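We just call them A, B, C, D, E and F in the order they show up, numbering each chain from 1.
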Amino acid sequence: MKLVTAIIKPFKLDDVREALSTIGVKGITMTEVKGFGRQKGHTELYRGAEYVVDFLPKVKLEMVVDDVTVEPVIDAITKAASTGKIGDGKIFVSTIEEAIRIRTGETGPEAL
Amino acid sequence: MKLVTAIIKPFKLDDVREALSTIGVKGITMTEVKGFGRQKGHTELYRGAEYVVDFLPKVKLEMVVDDVTVEPVIDAITKAASTGKIGDGKIFVSTIEEAIRIRTGETGPEAL
Amino acid sequence: MKLVTAIIKPFKLDDVREALSTIGVKGITMTEVKGFGRQKGHTELYRGAEYVVDFLPKVKLEMVVDDVTVEPVIDAITKAASTGKIGDGKIFVSTIEEAIRIRTGETGPEAL
Amino acid sequence: MSNFKIKPGFGLGMLAIIGLLMSTGASAEDAKPVLDAGNTAWMLTSTALVLLMTIPGVALFYGGMVRRKNLLSVAAATFATTALISVIWAVVGYSLAFKGSGAYVGDLSALFLKGMGYDSLSGTIPESVFMTFQMTFAIITPALIIGAIVERMKFSALLIFLGLWSILVYSPIAHMVWGGGWLAGDGIQDFAGGTVVHINAGVAGLVAALVLGKRKGYGTEAMPPVNLVYTMAGAALLWVGWFGFNAGSELAADGKAGMAMAVTQIATAVAAMAWMVTEWILRGKPTLLGMASGAVAGLVAITPASGFVGPMGAFVIGIAAGIIPFLAAVYLKRMLGYDDSLDAFGVHAVGGVVGALLTGIFSAAAFGGAGLNDAAHGSIFAQFMIQLKGVGFTIIYDAVVTFIILMVLKVTIGLRVTEEQEAEGLDINQHGERV
Amino acid sequence: MSNFKIKPGFGLGMLAIIGLLMSTGASAEDAKPVLDAGNTAWMLTSTALVLLMTIPGVALFYGGMVRRKNLLSVAAATFATTALISVIWAVVGYSLAFKGSGAYVGDLSALFLKGMGYDSLSGTIPESVFMTFQMTFAIITPALIIGAIVERMKFSALLIFLGLWSILVYSPIAHMVWGGGWLAGDGIQDFAGGTVVHINAGVAGLVAALVLGKRKGYGTEAMPPVNLVYTMAGAALLWVGWFGFNAGSELAADGKAGMAMAVTQIATAVAAMAWMVTEWILRGKPTLLGMASGAVAGLVAITPASGFVGPMGAFVIGIAAGIIPFLAAVYLKRMLGYDDSLDAFGVHAVGGVVGALLTGIFSAAAFGGAGLNDAAHGSIFAQFMIQLKGVGFTIIYDAVVTFIILMVLKVTIGLRVTEEQEAEGLDINQHGERV
Amino acid sequence: MSNFKIKPGFGLGMLAIIGLLMSTGASAEDAKPVLDAGNTAWMLTSTALVLLMTIPGVALFYGGMVRRKNLLSVAAATFATTALISVIWAVVGYSLAFKGSGAYVGDLSALFLKGMGYDSLSGTIPESVFMTFQMTFAIITPALIIGAIVERMKFSALLIFLGLWSILVYSPIAHMVWGGGWLAGDGIQDFAGGTVVHINAGVAGLVAALVLGKRKGYGTEAMPPVNLVYTMAGAALLWVGWFGFNAGSELAADGKAGMAMAVTQIATAVAAMAWMVTEWILRGKPTLLGMASGAVAGLVAITPASGFVGPMGAFVIGIAAGIIPFLAAVYLKRMLGYDDSLDAFGVHAVGGVVGALLTGIFSAAAFGGAGLNDAAHGSIFAQFMIQLKGVGFTIIYDAVVTFIILMVLKVTIGLRVTEEQEAEGLDINQHGERV
């Protein structure tokens, strides 16, 4: 099994979730995160003092899928999350050795 | 070393933390996340318009443990977090190659 | 590629980010988390009733870097985040198999 | 206020003083309005209460209903509107509304409040108090429009729009109804501003929502309100402040003011319950937003009626105000597909029309009211038609002028933020701030 | 208010007018109460202030103390109670409390406010104002009970409970103390409602907490307050609004009203400091929640005393109110193990009893007070016993009737949400909303 | 208020009553101040309004601007200051400010409010009302200082500092200007407290900021405000409450009070717009915090002028108050490098000086004002110099005494929390609470 982690722009969340549903992804865990990268942060004002906020709001999606599903998942996310502008985000893939469904105790791909 | 990641129902947090303490887990990192899965989201109302919120509040627990502790940890979580209802959550296990304690510079299992 | 995960004290965030910038880290994802560890939680009061809050505010930084950058990154974080007091946090390292930049579709180290 | 200039309302306080004079041998004919400290105390208070309705009232009420990324922009729009309209009113608006004897608009004789001194009276209260009290009405009316246009309008365009609207729509309508214009002469009953304030604001909101277009994602994405505690607090401050709005419109602390307060409280409470129950039945759950919306709808509907109807009228108006605006906000809006984001039209225009028309019925003494306007010659039907005419005229005038203002702004400076800014949220890109 | 119907309180304003009449040759015997604009202005204002105490006051005060998942449910309960009780009061409550001459309860002669017209007076103010002012008291009393039953009671059950309670408990007790009933005749001193409002609400809260049972996890899980800024703001609005509550209970803008305001401010401030210092010493830190709780306890305790005591009484009452309710909320509750979640009993009933009894002492002229009730024939001990009797009767009557109402509801519709709903939070499952 | 004891201000209400007496044959010479219910109603209300300014006004205004970890500590400091100063004022402050005839300070004849009974009058209102009204001024002044010292001062040190400051600085200055002291005799015009309240608080804030030192990270770390909705709500409540502050300072409900309210509204709105526009031009965006700050600066600047100037003066003062404090808060502070965290000095002292000096010009009848003080013999220059002298004296006296108090506390109990506590946040370690 693989863990696919995608960091995307928050307003793309609905699109991405839909795209993932379409290809049959059953479970996703979402975290609100802040991202620091090439995308320039915005400027905030405080009584006339400006300061740059480097960390921008992003959404992190994590989903564990079986190995064959990795490619379609990457494709779906890439398509749905892309705006073509800096800051669209990243996808990372790593290995998960075991998965357990708490409710039933099932393990492996069945647990997903 | 292994990273054990558990996604559980928020109101089970106290029980799980206690169960983990009991079996000697020393460190846990907790994140408030939103989960999308088999469990049906709730319906919210806004001036009479209904919309379904798919992403439900969940708690993610991450703990890095040495290899032998993985089994007891999984057992403890499974037992403490289970309600038998859909949405109880998952446990994932992956490999951590190195761990460092910032304060002392210790590495490996000692750092945990 | 490696994923370096650092859990640090919140008020050290600015220092650590600067140290990482200095050594050329281009992208970081930050999450506000709560940590449970050796560090004693603080006591809160509620109409005279005391309760101990075990989970303390921490910041989790995740960055995927190419293999050779792992060492300098660990050094930079360790130095910048250390106060010498319990609760300074941990660094974990694991393997990332693939990385994709959503905007361009680039993969591997170029995507970082 | 409804009777201003038409039939000066001395009120019971005045009568009491007159009675006093008579009993001591002075003749009633000598009595000119003199300052009454009791009435003045109440009007100073009422002015504070009505200001409280807009800031922080409306700012919180509306602010709590938008998405987090636009919360501050709504608060800023409301706060800036308060400041802007105050200045405009002092410079020109007050004169246009309350000076001169035109049928449609006042004159410019009191630009910059010329002639208003320490001793100027307006009835039994200082003119400075009357002017400021009226200013708070001039402020809240455009502030209510904001509900229709949140989350997408440029801050600069919003200010210019509302400033022009205040001069070109609010002041004339206020003049026609309260300042001695033709609707007043016609016999309209609008005690505290059902027509001048609520229908006026609600219709302008609808036009603005149509001209601006929908928010990106409207109808497809969930747009959850950021914090309904703010909305509840805002609705509560509207409720409390509305005592100044309605009972203050008597311009005196007397029995009519007291009854205006009592019927306001009753109609509002009934409407809050009615909206809640309707929603509970039709949508399955009683929501906090529903109760708050019902209360506001009740306040809106009792506004024109407050100095004219008795408890019976208040009960009926409350029930109507809880149900009809609910249907408008929930079903009509969806059917017609416009994005009146926070229901400025559904609550204020619809509630205002309900109130204006029912005023023409329940002001009749037969229903425990204070009596129809003389112009109706005792006929409820005649009064109802007068009300209808006033409402109709206001809607048409308002819609046309609002449309023209907006189209001019659209082709000159533009009305909407860019799509990207809308996605990012107005707080950051319009104001450089964030919660 | 305390003297209503027993010994009509003309107040200094009235005296001034009478003086005026006398000096001009009119005879004082001719004087009937006429409307006084100054008094009316103050009572219109007081009514707004007391409404402000409940919404948003109590809604924020209580809302800030619960867990995030139940925040909106507390706001909704408070808001809906405001609307519901307003309707009940206009329909039947006012008549039961203030009409007729029964010893225990009024009559039904003023159902739907029958007979209340534009000219009806109550002393020197319009009856409409008196009725609405009293309505705000009828609203806040059940709203205070909510503090005892948050985070677990079904919304539907809560509304029915509080509605019945208002009719079966509040109106009768209000009649007995203020409406000419037997406690009034007995000589009880309860200026603004220590017994009628606070003991009444606090005892009902305790009974409800016991019947409902504890929240799941109470005593084992931490239940951190969601946002004490709301609680602070709510306490502040309670404090400010209480000027209308206490000084307004004089029903006039006179020297007694002024003194009532002054002693309210003093006792409240002293109690806030006393609670804070006690907590600092005994628990190690001065908390914001502690200060706010102390202030509310002080307001509660000075309520019955406010028109009767002078500054000295205010200092003593403040100190007692800062310490005794603190001990009740922190130690007594833990000892006895009931889950009066937000301390409706600990603050309102305990504070109310402290105030009611000390009123019987410090109203004595010897302590700078306005004087004991004639029924006490100058004996502080007699007055104290009268107070004790009133308190005791109220507690017993209230506890019994509250218990019966709740048991009937329990076996019919049920009182609590399911365990699962409780875990999920009431906001989502009772109201379909979330913060 | 400015005229208190110097030239008793009966106000128009009084005149009306006198007129009444005359027309009925009584001679005007007989007239002693009698209680006026209208004036009393307004002053009861004003007192509530000014209390509202501090809690929740200042608490929210300041609370919203600090970092999350210190939010509750700011609310707690404001709330505790309210309670503490109330007690101090009742015990000793009122006597020091308003009793006796010293040039610099009053006497101790009214410790614990000795002699204040139900019948004591102060002009046409009960002394109890005057005392409590003044108390709310005594409360808000030290509360404003808190803005300069947030996020780093120990709670215990803060309370002792502000308590001593109230006795040693506030009461004497209040006596000199309003209580019959030498500045009053000198002819200073300070209607509602530009000097007594705002310059006084702002200068003490600057001294405290300098003695305390900067917050850790100041100038290098971003310190984003936790929630500007709180700040907006706080500013709005300040605005609304300020009607009681300024129009209430007339101590009557008359034409001067009315004009004070009108010019307050105008100057505030103009200043909010001026700050917003200046910021828009110079910094690129119009911020909500900017509008709110501008409004407060306008309120500050119009304070001394409110009973003396007409609309024209209000416009000019508003413009000056929108621009000059903006420059002070944004540029001057950065240049000089002190950490007056929330601009107590930049807004209140700078705005107060602007207002105090312009009062000396625009109170002239030639500019539509009520007229210069007799002591100026009709010369604007003379009045300006009187104002300058008063301002200068206040600044020096205030700075010196504040510095001494703080240095004594510094070497005894210490002023700041530890570095670690500062990093952790004051909410947890000073109060054991968290949002």
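Things worth noting here:
The definition used in the following text is that a contact is a pair of C-beta atoms (placed from the backbone, for glycine too) under 8 Å apart; a residue touches a chain by one contact, two chains touch by 3 or more.
Being a predicted model, the structure only gives us computed values, none of them experimental.
The chains that touch both subunit A and subunit C are B, F.
Subunit F has its Cα centroid 33 Å from the Cα centroid of subunit D.
Taking each chain's centre as the average of its CA atoms, subunit B and subunit D sit 52 Å apart.
Taking each chain's centre as the average of its CA atoms, subunit A and subunit B sit 18 Å apart. Of all residues in subunit E, those touching 2 or more other chains are 20, 24, 36-39, 41-42, 45, 224-225, 253, 284-285, 287, 289, 431-434, listed in ascending order.
Shared interface positions of subunit A, i.e. residues touching 2 or more other chains, are given as 31, 44-45, 50, 53, 94-95. Pairs of chains meeting the touch criterion are A-B, A-C, A-D, A-F, B-C, B-D, B-E, C-E, C-F, D-E, D-F, E-F.
Of all residues in subunit A, only 3, 17, 26-31, 64, 94-103, 105, 111-112 touch subunit B in the complex they form. Against subunit F, in their complex, subunit D makes its touches with residues 17, 20-21, 24-26, 34-42, 44-45, 47-48, 51-52, 55-56, 59-60, 63, 71-72, 75-76, 79-80, 82-84, 86-87, 90, 112-113, 116-121, 125-129, 131-132, 135, 155, 230, 253, 430-435.
Of all the residues in subunit F, the ones that touch subunit C in their complex are 221, 423-424, 428-429, 431-434.
The part of subunit A that touches subunit D in the complex is made up of residues 11, 14, 42-45, 50, 53.
Those residues of subunit D lying in contact with subunit B across their complex are 222-225, 279, 282-285, 287, 289-290, 293, 326, 329-331, 334, 343.
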